[in-house]
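What follows is a set of structures for review.
Look at the two complexes coming up: chain A is in both, with chain B in one and chain C in the other.
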Partner chain A sequence: MPMKGRFPVRRTLQYLSQGDVIFKSSVKVMTVNYNSAGELSEGARKFVFFNIPQIQYKNPWVQIMLFRNMTPSPFLRFYLDNGEQVLVDVEDKTNREITEHIKKILGKSKETLEKEERERRKLSHPATFGPKKYHLRECICEVEGQIPCPAVVPLPKEMRGKYKAAVKDEA
Partner chain B sequence: PAWGPRLVPARGRKTRHDPPAKSKASRLKVPPPVDPEELLVVIERYRQHRLVLGALRAEFRAEVLQKRREALMSQDGSAELLEEHQRLMAWNEEENARQRARREERLRKEEEEQKRQKLQAAETRARKMEALLKEKEKEVLQLQEEAKSFITPENLEARIEECLDNPRNYNFAIDKEGRIVRRTVLP
Partner chain C sequence: MSVPRGAVHAKWIVGKVIGTKMQKTAKVRVTRLVVDPYLLKFFNKRKTYFAHDPLQQCVVGDIVLLKALPERRSKHVKHELAEIVFKVGNVIDPITGKPCAGTRFLENLSDSENLTEADTTYLSEKLQELKVCSTDK
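Moving on, here comes the complex of A and B:
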């Protein structure tokens, strides 16, 4: 399959999952105004090119809009659900600085993420058996070191119910 | 129900349009016999069972909803989060102010630079104009000087006489080293 685009690495799952900006649940819309030309917009351009796919991957429910060549200087604007608007000036900043900045002001902190992770783990018990959608395993035969599935490898005679019943009848 | 999803019609050999068999002409369809006391007892038992189950289900449903609502409340409006948010917004404002200061600084510098450039350009232009004027002046003076030795109709005769009197010899020889020799004699 051919690689598409100038930096096809941006389309790989590994790259996308490396994005570390996860917005708080109150952020609904992110708007980026930047210019296609000019030294000062360089950081914003790189941010749009490299970091926005990562952000969108991690925040699929946040709407991101890009506006080109509408204002003389580049900036970001966040619209929260209580109507508040947060303006971030990004003129003359590198894309790394921009990501750090928005992570600091509107990203979920590490403690929050860990807490959520713990909550999620509490919901599902790893020792239960059932459909693959909700549990790890469906049958004990899937575990390494246990008896293989009798559908694939027949059980030895001594373990089968019909043999044991026959022996009991005989005795 | 007669036509439930698990009840497949078991008509067998005949379709619905075939007449029933002669042996079935005197068949009387009789519903299954019912014992009234047993029926009452069974109905009562079922009623109680369903009541209990419904109540249990409602109980569990309420509990789950309660838990969900409580989780939402604890997560949403807590003073700590709001205060944190305010702090971060303030920091963002400061950052913006700093950026503004930097930008103004830059713009000011650029303006100064431009002004300087303009002045420089004006100066160089002025100097060039001056130089040009001087050149022109020099040329005019030179021409004036030369005009003194021009040939006019008045001194035409005198100049001709002068030229005829002093013949000029333009002949010369030159060798490869560049030494010139004027030995030809005019007749």
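Moving on, here comes the complex of A and C:
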């Protein structure tokens, strides 16, 4: 797909996975109110243009709604699971400041993320073999330095069960 | 109330009311940003939910917050109206608490004492013109 449009880098997987705001599981809905014109709303507009794709990519189960030109002042509103609402005023803030702020108040901390990463690694054991979905490798023939797959290269005669059984019969 | 609530995956949703023709029920359209797998761009995907509105206080065009009911009320109604976030025609700016429309506050319009400088200069200019016309006569 050619890179069309302004800032097509926003549509790359690398850019999307670079987003570092991962919301806590209690955040359900995020609402952004901003204006199309005005200096005060500039940060909010940049936030919506650059950072919302990253946030939605990392939090696919959070509903994000954008409202334009409804109120004079730009703000963000989060609806949490326990009924609480968090109102964040973003008037006169750059998009970087906005992301830092919401990461601090509603983002998962680094320790939580590392803990989750460790839990995930514990579930999958790298030394087991099986379907690609659950294991790293399917058969030992995939490992370099081991016997190649007998489907591709026939095994030497001495290793084949047919030969071994014949030798046993003779003896 | 963590286990009982959840006949439905979506616990809290925000949407726009598109129909109120049913008795005590509002039809709400909810949009979510979904990524297109090839373009890697986010598009709004809409879904309609039915919400129980006992006082029938919703008008078409309101932005509402819905809460999932602990068990289904009827075949399609699984949510209830928790709060009207923005009432159509009567939007209150949550930061200042004043009524507003678009990018202007509505509060100042009716008061003549709270005219801005631009308004006063404009009005005085108009008055000047009127005075000139009367002296000519």
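The criterion applied here is as follows: the second predicted complex is superposed on the first by the 170 of 171 C-alpha atoms of A that agree within 3 Å, B and C clash if a C-alpha of one lies under 4 Å from a C-alpha of the other, contacts with A are read in each partner's own complex, and residues count from 1 in each chain.
The criterion applied here is as follows: a contact is a pair of C-beta atoms (placed from the backbone, for glycine too) under 8 Å apart; a residue touches a chain by one contact, two chains touch by 3 or more.
Computed from a prediction, not measured in an experiment: that's the story for all the values here.
> Touching A:104, do we find chain B (first), chain C (second), both, or neither?
first
> Looking at A:86, would you say it contacts chain B, chain C, both, or neither? Reply first, second, both or neither.
After superposing on A, A:86 lies in contact with chain B but is clear of chain C.
> Looking at chain A, does chain C or chain B touch more of its residues?
The partner making contact with more of chain A's residues is C.
> Applying the document's definition of touch, where does A:136 land relative to chain B and chain C: first, second, both, or neither?
In the superposition, A:136 contacts neither chain B nor chain C.
> A:73 in the overlay: touching chain B, chain C, both, or neither? Say first, second, both or neither.
both
> Let me check the overlay on chain A: which residues of chain A are in contact with chain B and also with chain C?
The answer is residues 73, 87, 89, 91 of chain A.
> In their shared complex, at which residues does chain C touch chain A?
Touching chain A: residues 10-14, 30-33, 35, 38-42, 63, 65, 67, 82, 85-86, 91, 93-96, 100, 102-105 of chain C.
> Please give the residue numbers of chain A that touch chain C in the complex, ascending.
These residues of chain A touch chain C: 1, 11-13, 16, 28-29, 31, 35, 37-38, 52-53, 56-57, 63-65, 67, 69-73, 75, 77, 79, 81, 83, 87, 89, 91.
> Which residues of chain B touch chain A once you look at their complex with the stated criterion?
88-89, 91-92, 95-96, 99-100, 102-103, 106
> In the complex of these two chains, what residues of chain A are touching chain B?
Going by the criterion above, the answer is residues 73, 86-89, 91-93, 101, 104-106.
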